[in-house]
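You will see two complexes here that share chain A, one where it goes with chain B and one where it goes with chain C.
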Partner chain A sequence: MIIGGALLVGATVVILGGCLLLILAVVAVRARRHSRTQRDEMLLSPLRRPLITVASGEDDDGAAAEQLTWAAGVSRAVLDRNIVELLTKIRGVPAEQLVHVLEVHGAVDAAVAEMSSRSAVKRARAAQLLGLARAGQTVPLLIDALGDEAVEVRNSAAYALGLIGDPAAAGPVLAAIGAPDRGLPAATAAEALQSMGVGISEVLRDGMADPNARTRMVAAHLSGERSFTRGLPELRGLLDADPDLTVRETSASAIGRLGRREDVGILVRHTVPSEPLELRRACVIALGDLGEAEAIPALAVLLDDSDPRLAELAATALLSMGPGGRDALAGHENDPAVRSARLLASLQKASA
Partner chain B sequence: MSWDGFVEGLRSFVLWSMDVTAVPIIVYFILINTSLLVLIVLAYLGFRAQQRRRSTAVTWQGAGLAPGVSLLVPAYNEEAGIVMAVKSFLTLRYPRHEVVVVDDGSSDQTFARLAEAFDLVQVPRELPHEIPIRAKVLGIFVPRDGRTRLVVVRKENSGRSEAINVAINAASEPLVAMIDGDSILEPDGLLHVTRPFADDPTRMVATGGAIRPVNGSRVVSGRIVRVEMPQTWIPRIQLVEYLRAFLLGRTGWSRLGGLILISGAFGLFRRDVVVEVGGLDPNSIGEDFELVMRIHKRLRDEGRDYSIEFVPEPVSWTEVPVTAKVLRNQRRRWHRGLWETLWAYRSMLFRPKYGRIGWLALPYYWLFELFAPLLELFGIIIVPLALALGIVNVPFAILFLVLAYGYAVLVTLAAMVVDEWAFHKHDRWRAVWQTIAASILENIGYRQATVWWRLEGWWSSLRGKKHVWGVMTRTGFDEDPA
Partner chain C sequence: MSAPAGDPDASPVRVLVADDDADIRDLVEFKLTQAGYAVEAVSDGISAWEAFAANPPQLAVLDVMMPGLSGIDVLRKIRESEFSTVPVLLLSAKSRDSDVDTGFAVGADDYVIKPFSPRELLHRVNGMLARAR
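Presenting the complex of A and B:
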């Protein structure tokens, strides 16, 4: 097998040249990172003291904030980046002072302009800045950004809308979860919606009828978290008939938090052995959370269930229901489930 | 037969072999390295999106939709580090998690250490039998303080897989994370790896986390305080392997929608799905791989819409073998597990209903993972032999070396650039030079040895030899290694 010199030289040059280039790339990446960090440190150093003074709430006369407004050029850009980072951690007057610095720097207006930038990173950062600056007038712009092609922009827009807290944005945020190919991650949507006050209960009710399972799950979860009792009929419907098991479990937990006496029957209905085990357990926990005495007979029956965890959950629920619940444990004193639940309850009581 | 006759016979055989295989072998090496390069490019695209997300990340502390997690820790003779490990797991930043330790019949003081550190009391609890267990459970214990979310289960020794199955039965949260007792988790690791479940709660069934070697790093109280290079070359080379195959390879597969392997050192699963498929197979050598394949098969057979993702953010750090003996055991086990699982799921190959798993991931694993050592060994033997017998010229032999090993170094360096750009875990310049050196040294002796060990594992399975689990000698990493 004879190989020509040209092929050999060509292959060797390509491979070795490639290796060399990659080594240079590693060096360049490190060097660039290092020089950027150093440059930012140098530019920020004269402004660090007033920045800390403002952020720590010690700028009583506003002199430090005033000093920050004087920053110009590249220093201003670096300072604004740091201010945005600080705004994620601080609240109250210091936050307002820092937002004022951003406004004087024109950063808020620039962010509005950057919402139409070609760079997804710039659009995302702009959206976050608008939220951190609580720029309520930009809500329509941020709602549009919920449909952005880049997920980080959609995330940032939802985050900003959550910070602004305008319930008018709740519908679009919830709807964005199920958008085909451009869906908003459920976790971001849930956090944003949680910050939007009580005005979103109707939106959540509508969300529980959405064709997208993630949307229904977020709506059900938040209805329970925020105790929006108006959503109870929808939650009952989801628990009964939703095609997605996760949605049904979430609905059961939500009913446990905000349900009423009449919900005992619905929850009990789904503790029967023909239901999925995870759902049965979720319903037993929900019955315990609900704390209605009507659940006691059904829970007592479950003490004999073939699933030891379900039996223990039933015993735990009964123990939390006062004398009536504890009486229902009679005759089961030697059951492992009951003994275990009792022991854990006593340990928790002792440590309380 | 005379010596000349033997040489002539050998020459004829090698000549015939070279005629038949020379081009395919070189093409194979080009393909295997190119496929890795493609995976790295895909991983780069994934990391670029990740970088964009990270640079624009909004704070998420797991409030709201973060599902509860049970950390499942099988422990066998882990008296030295188990208490520190459990303490560090309990203090991870996450809104709702519990730790379930299963003492798998340890003959040392593993349980006694836990009992003393956490003041354990026995609970008369009966474990659910959602996953059938053969070994006897000896007792279930919880801390006396009633607050610490720790459950310790003692059982007769029956192996890691069954210990994890017991832990799954004992777990009470909707997600279960399988981790080794000697692993170190990043403080925010759970937040990273559960995020896909929170973002897509109805579809996500499993996520794998990036695993890195911890050897040489400074660890204090179960936390890494300074990332350093390992002090010897065997773990240094493994660091390069982990980077190329585990981090970038799996990120690439995840991006392609064909992730079929989640490492046993850290994997997060929906508990109900793991229960539904029957838990880990205690008879399987590649139990982590087998579990993911079983999940894929079951969910695709049922036509369910689901997702399995890899999270490239560093999640878990693990001690890798430092001696050739332990490494040999590990590689034999890995390759045996690979073969047995691929064989068990051969019916999924090229079946439309298995989509990219059947058409892309599995054929790739057969061709470039399972057969790789066989073909590489053939090349290692035949090319020098042909050179010695004058069948090939020196330029051919060099070309073989360049394409087989030079290209492999290039692929590793590409992985290194991507890692440096995306994660930058090592501060010191010395680490860069050591990693580059390791990527070259990997091809001199190490790679050939692992080829042999992998074939040993495969061969022992074909012969039906019973697998004997070796002991992973831990050097420990608490406090400063210096």
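Presenting the complex of A and C:
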């Protein structure tokens, strides 16, 4: 009994001691961060006015930018960090002037060197700086970094390549999605590719034949987003026969965005009950997006489908197709699917 | 940049700027001040609404994501107030179509996505005020 009590007291003391140590550690970290912020603000304070002058585009004679280039030592390091932050917020001539300050300070060259650092954090930061500085000459270096062992470096390199916007990097970014063990997240790759202009359409067409399903999905998605109609034959092929269901759904959505009248047939073909439900739903939405009157009879049949969501999507598609589509709803006014679709349409109209 | 008011003796046009990011707040304030506007800058949504209600400006530039009240919340309150016609420009890093749609649906007169060009922002402010006159 006494031993049990002693053990309980001992355990309580250990737990309380642990909590106290944890609280002290948190307080110490916060105090250190606060003190560093205060030091940085103090160091930056004489440079704040010229920095804001340049960033706001009011440095007509270049005097403020020149003043920034004179910064030295710790002040220069703090200023460069602040400039990198500002480059995420502004664009245009002021951003170009700030990049020039970074170049004069040697920050871009230093970032190139840091890409070989043993620290993944430093490599990731360096890649970000090269992107924000739109350092086009470092595209090959950043492409290499897409295969970095650390995911944060791969992400940062893709982000940087997106900012630089050179279509020459599109192929490597797309290929990096399917790299074994070191893959690039599909969303990160898609975001980077979005910024690369019209020169990437052929890369996306090739990507739709990639052995990796996530690569095909991103290529199909972006072809639709960017309205690359030259990719339509590949999209039709993926919708018809891709082994991956998500790729087929994505292709249906893309065809809905950029397809033509002749695509009604292929989309309708995949709304039949023998197809997976997710694909049927994607094809119905795509038919609504396509907006071709030829789809009305097939959509009208789907109003009676056993899946209530599919019936509602068919009603929504018909409502978006003008008088012909609305006529097809005759006799179904009291169907829950049609009432729900009408309510949704009126809510969307009210909030527009 | 010349003063936005046509009459040099007239009081400067008052603009409220609200952004919790000190860099953005300072540079927008500086840009608009250099252009001849009288700028009141605040760092959160509650202060923005208090400043607006106490002395309604001729135009407001609101960040969307602010502590306390968001820019959307402040805009909603402005549109429900007796000064509902004051032009409002939303400035935000939220760049999806749905974010922009929400801004305009609540009553924004313009929506500028970060990263932005300060020069373009000034043009938009000038244009909004010219149309409001």
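Keep this in mind: the second predicted complex is superposed on the first by the 313 of 352 C-alpha atoms of A that agree within 3 Å, B and C clash if a C-alpha of one lies under 4 Å from a C-alpha of the other, contacts with A are read in each partner's own complex, and residues count from 1 in each chain.
Basically, contacts are C-beta pairs under 8 Å (C-beta built on N, C-alpha and C of every residue); 3 or more make two chains touch, one makes a residue touch a chain.
Model, not experiment: these values are computed from the prediction.
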{"item": "Chain B versus chain C as contact partner of A:Thr88, first or second or both or neither", "value": "both"}
{"item": "Partner chain in contact with A:Ala179 - chain B first, chain C second, else both or neither", "value": "neither"}
{"item": "Touching partner for A:Ala293 - first (chain B), second (chain C), both, neither", "value": "neither"}
{"item": "Touched partner set for A:Ser156, first chain B, second chain C, both or neither", "value": "first"}
{"item": "Chain B or chain C, by number of chain A residues touched", "value": "B"}
{"item": "Which superposed partner A:Leu43 touches (first chain B, second chain C, both, neither)", "value": "neither"}
{"item": "Touched partner set for A:Ile52, first chain B, second chain C, both or neither", "value": "second"}
{"item": "Common interface positions of chain A, toward chain B and toward chain C", "value": "88, 351-352"}
{"item": "Complex interface listing, chain B residues touching chain A", "value": "18, 22, 49, 52-53, 55-56, 58-60, 63-66, 121, 123-130, 142, 144-147, 172, 174, 195, 198-203, 272, 386, 391-393, 395-396, 398-399, 402-403, 406-407, 409-410, 413-414, 416-417, 420-421, 424, 429, 432, 436"}
{"item": "In the complex with chain C, residue positions of chain A that touch it", "value": "48, 52-53, 55-58, 82, 85-95, 351-352"}
{"item": "Chain B-touching residues of chain A, taken from the complex the two chains share", "value": "1-5, 7-8, 11-12, 15-16, 18-19, 22-23, 25-27, 29-30, 33, 88, 120-121, 124-125, 128, 150-153, 155-156, 159, 185-188, 190-191, 194, 213-214, 217-218, 221-222, 225, 244-247, 276-278, 307-309, 312, 336-337, 339-340, 343-344, 347-352"}
{"item": "For the chain C and chain A complex, residues of the former touching the latter", "value": "21, 23-24, 26-28, 30-31, 34, 101, 105, 114-120"}
